[in-house]
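The following blocks contain the structures, represented as structure tokens.
You will see subunit A twice below: alongside subunit B first, and alongside subunit C after that.
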Partner chain A sequence: MNQVMANKKVIFLYVAPALLLVLVLVYIPIVLTGYYGLMKWDGIGEMEFIGLKNYKDLIQDHLFWDSVYHSFLLALFSALSLIGYLMISIILAGNIKGADLLRKIYLIPMLLASVVIAQLWMKIYHPSNGILNHILMKLGVVDPPSWLADPRFTLFAIIIPVIWQYAGFYILIYYAALKNIPEEIVEAAKIDGATPFQIATRIKLPLIKSVIIVTIVLAVVGSLKYFDLIYIMTGGGPNGASEVMASYMYNQAFKGFNFGYASAVGFFLLLICLVATYLIRKLAATGQDTPS
Partner chain B sequence: MDTAKPVQTSHREKSLLQIKRLANPVAYGILYSFLIVVAAFQIYPIVWLFLFSLKNNQEIFNTSPFSLPTQPKWENYVKVWIEGNIGQYFFNSVLYTVSAVVLTVLLASMVTFAITRMRWKASQPVLGLFMIGLMIPVHSTLIPLFDTFTKTNLIDSPLSIILSYTAFNLPITIMILLGFYEALPREVEEAAVMDGATIHHIFFRLTLPMTSPVIATTAIINMIYNWNEFVFVNTFISSDTYKTLTVGIQNFIGQYTTDWGAIGATLMISILPILIAFFLLSNRIVEGITAGSVKG
Partner chain C sequence: MIKKAYFFLLASVLVVSLALTGCSKGAENESGSGKVIKFMHLWPAGSSKQHHMIVEEIIKEFESEHPGVRVEVEVLENEQYKNKIKVLSSSNKLPDVGFTWAAGYLKPFAKGNLFAPLDDVLQDGLKDDFVKGTTEAYAVDGKTYGLPLELNIAPIYYNKKIFKENNLEVPKTYEEFQHVVKTLESKGISPIALGNKDAWTGSLWYMYLADRIGGPKVLNQAIDRSGSFENPALVSAAEEIQKLVKANAFNKGFNGLSNDEAKSEFLNGKAGMYLMGTWELPNFTTNEEIPQDFRDQSGYFKFPTVKDGKGDIDSWVGGPGVGLFVAQNSEVKEESKKFVKFFIEKWGEQSVTKAGVIPATKVDTDKLDLPKLYIDVLNDLNQASNITLFADVQMSPSVAETHLNLIQSLYGNEIKPKDYAKQHETALKNEEN
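Let's turn to the complex of A and B:
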């Protein structure tokens, strides 16, 4: 038994292919990204070593800091939207008729490719023929804005479809977690005279705390590295008004051919994602130590 | 004095009950309409997409966006199907998705088997390496991948896409499999070892069939990610013949900036397979996404 299950050759054969793929296509590239960040490079010609210049430039690049700010704004709104999803899930999990059908309907946008979502919402936001401005004009708004072309609204106009896309996903997770709470606990609270609101906030939420933490990490890190809708709907424009870290990196590389500088941005993005994950987990862990 | 108290409470309870009876249907109604409004918000944009895919520009620009098409213009669908390469994109999407899913699930199963069933010192560090992969943003790897694929002549080839999908989905797949493998009883495998079966026989003939429910779950979650993937194809593929549905329709739509009917029809064709699959497999998909909730 022991001999069979400790056969080194077999272990190597089973682990090596996957490990090789992940090392070559994930780990070596992130090391290379940090390294390319030390180079001046147009992506085609020779690389030229320039030390920390890209990273120093990055610190003074206000366009980059704007994109960091937009990424964090997106993360903030995604995290806040979790409160809404939690409320919906608590209602749904409270023996509502048709809950199963409703949560499946909520999920449908999540199944659509970001290209489809982007194209669809560009039509919804269309200044003269989109449904949004049509409704606004019916409501008496004389000159509704062109949402994606107006720097004041662009970022928010993109946040809405992001929320639309992921709502069903988070509701699904919360719903599953809430349904996992043993009936007896809720019944006991009811007998003790707890109101539905008390049951939700004092009993259900603390019980699914670990799931909530996972979703906060997902929402924040997912937002910090967010790219698809922004790239397709505005390309980061107008004038950088919706630029985020990932789109800034992409534009620097594949539009500006500053591959060295873009690598520095990509490396920074990696660090922010790792630090954000670490901090949220750390905060959650200290929260758990204090008795509630 | 002694009897007064209970009477009072029961009075209070009665009135409380009455309030509850009145309030409950109202509260229930309000909550329910709230849920319905959310459902409408989630589904109406897609209904609207279907409506304008059946209109011509005259209708779109002159009538209310909420109106039904006077006469459904199915020719929009025929037109984009003939003019575009949608069939080819569709085939590519299926090819890449299926190849990557098979490769990912097989390799991830082998790793999970080795980690949970076999004895070796480095198993935990290796598992940790896969798990940290969950947190790495794709964009931080994009330039070196682009560079490496260019140098190895893998750029603009389906292989670069299939391998990238596999590498980036292995961590989440292993993570989902791990929970299932750990809960799976080992007696059958141990008995097989006693009977002198080889490890390959145990893995392929016993373990893989026993894990088929979780294989279905991971396959679905992988399929959704791969089918909708955009950045890799947009960056690595330049030939039209190798593009997937997502990137292909994005470029194809570009030529119809003002023809809403054509754009709508293209988008509808691309989402139809997903919607049909969802109606057939919704329970499995719900399960898959819940299990895969560790990745955004």
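Let's turn to the complex of A and C:
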């Protein structure tokens, strides 16, 4: 077997199918998107080369910058919500009663399709029949807001289900990581007289730091390119109040027939995601002790 | 050495077999003798049962009358259909026959030379069958690229029971209409059900007000650039919309509700009026899923006239809905055109009686046994002084996007009527260059 693996040609042959798929499905489309971004194209007729005009328009397009802002808000809240998940996971991993059941309950939203979650929350937010406004009216609020119609609330009304949707996923990751910490280390800390809070912040968190960084990257990049709930619940409306980069790209391409411009948006989105990933890794690295 | 060769063989078998599994399918399609017409439509058996059945029957009949020709069907739901057509056309692989929408939607396809002109089919005796003005909506530069299947106008449906309980009459003028709104609002009933998440729904109200205030031409001229969107009539129509919003004429949270959600409020008797196309007629007549009580108590009226306005009461907002196209690069173009002609002829007879669709071809009401609402609509259609095509269909896709967004902010009181008109004007102007 070793002999086979030593042969470069065989290695290539084994890697080839996967490599081919990744090339065709990921890298070539990325290059093509960059290429289309230089064109004026309605997706149907002839393409016309216009150089960087799409990108120039992009910089002046306030609708686009609004969507960028919304995407970043979503990313910020997703990242902040990680703190909550982490606390829940630490409690769950601390062998409390019913931890197993709770963990399963937290996982449920992850098992639901986005469409189901969207429908569910649209019912909750329904301006006159929704359970949320029903409760508010019972509590004496005379004119509760229409959550998905009022531009002041729409974005936040969507961020909440998004955070809820992914809770189980992150809790699962943290839980697994925390369970992996050797029992002896925690025992030793206890014997040295560390409080539970100290054990959590001084011992557990540093030990799962690499996992935390991965989840931050996942949450931020995932939010920046987020699309599904927004598409179903509001379609980016009313008048762009909940538009994010991905939904703006979709609307430009499939509703406005501006394929070239949408490609430019897509390419920009890719760049932002790459920069965000790089920055997070960089920031995380500065906190680390430099190996001597 | 032999061992090495053996491993090479093993590895290459793995790779090749993987690649081959991908190709196993394609070959068998060619096996059927004769010609195959690929046909895509958007009426799935589940959500549009009657439509689907009629299409199936028409295809069967066509196949038996044209031996050697087979019709291969692919069905997708509305939004998915639109997306798929988009993707297929960017790689120039449209089905031989499919559905399109009029005017603005159709234009890029016609200009991109993807649809075949169908004037020869029209001249072949079909032209007189169509209601006047319907095929024109599918014409680009004098050539017709689609043949319509439906013709819709948008009346205001109302709940007779709610009107009666509140001593209200069908409004003929806008003042009477405002009185209806005020009365219902004071009784705690939503006067109008509107699902403005989809925005074209709100556009209907705006279009009617524009028509009644400024006459049937102002909006059309603003869009075809022989006029301006900053026309005072178009601005004051926008003002009227905001007055209606301020008077709580629409149901709560309309900007976040889909048309279906608004419709269900009306169907559940929670709202007094609902402005929508005649494609909803089955829900008020024959649809068994809606309680008989409700169907009996629903009627419709024409959008009331505005005092000193230029529009008359017989002018409608509406237009042809979906139509059939034939792909320009189709290998079975002749057969496809025959199929389209056959389809249109058969469709006209069956669609209205079986599916409750008002076809774009002429209907002889004397011969058919139809619910009263249908006969009324068909008669009103005959008397129509004008039908203004839905604004978002008239406009090019990208201007339509702007229009729909502006409609939402107009209803949401986030924009002044003047700016609303101005931004339309800018978008339309940019398109010109």
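FYI, the second predicted complex is superposed on the first by the 276 of 292 C-alpha atoms of A that agree within 3 Å, B and C clash if a C-alpha of one lies under 4 Å from a C-alpha of the other, contacts with A are read in each partner's own complex, and residues count from 1 in each chain.
In this text, a contact is a pair of C-beta atoms (placed from the backbone, for glycine too) under 8 Å apart; a residue touches a chain by one contact, two chains touch by 3 or more.
Remember, predicted model here, so these are calculated numbers, not experimental data.
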item	value
Fit or clash between subunit C and subunit B when superposed on subunit A	clash
First (subunit B), second (subunit C), both or neither touched by A:Gly235	second
Subunit B versus subunit C as contact partner of A:Ala113, first or second or both or neither	first
Which of subunit B and subunit C A:Phe64 touches, first, second, both or neither	neither
Subunit B versus subunit C, judged by how many residues of subunit A each one touches	B
First, second, both or neither for A:Glu46, with subunit B first and subunit C second	second
Which of subunit B and subunit C A:Ala176 touches, first, second, both or neither	first
First (subunit B), second (subunit C), both or neither touched by A:Ser146	second
Partner chain(s) touched by A:Gly266 [first = subunit B, second = subunit C, both, neither]	first
Subunit B and subunit C footprints on subunit A, overlapping residues	4, 7, 10, 14, 17, 43, 128, 253-254, 259
Interfacial residue positions of subunit C with respect to subunit A in the complex	3-4, 7-8, 11-12, 14-15, 18-19, 82-83, 86, 89-90, 108-109, 111-114, 196-197, 199, 251-257, 261, 270, 396-398, 400-401, 405-406, 408-409, 411-412, 414
Contact set on subunit A toward subunit C in their complex	3-4, 7, 9-10, 13-14, 16-17, 42-46, 125-128, 146-151, 154, 234-235, 237-240, 251-259
In the complex, subunit A residues that touch subunit B	1-2, 4-8, 10-11, 14-15, 17-19, 21-22, 24-30, 32-33, 36, 43, 88, 91-92, 96, 102-116, 119-121, 123-124, 128-131, 134, 164, 166-169, 172-173, 176, 214-215, 218-219, 221-222, 224-225, 227-228, 231-232, 245-246, 249-250, 253-254, 259, 262-263, 266-267, 269-270, 273-274, 277
Of subunit B, residues touching subunit A in the complex	31-32, 34-35, 38-39, 41-43, 45-46, 48-49, 52, 60-61, 64-66, 107-108, 110-111, 113-115, 117-120, 126, 129-130, 133, 135-148, 163-164, 166-168, 170-171, 174, 190, 193-194, 199-200, 203, 224, 227-228, 230-231, 235, 245-247, 249-250, 253, 260, 263-264, 267, 270-271, 274-275, 278, 282, 285-286, 289-290, 293-296
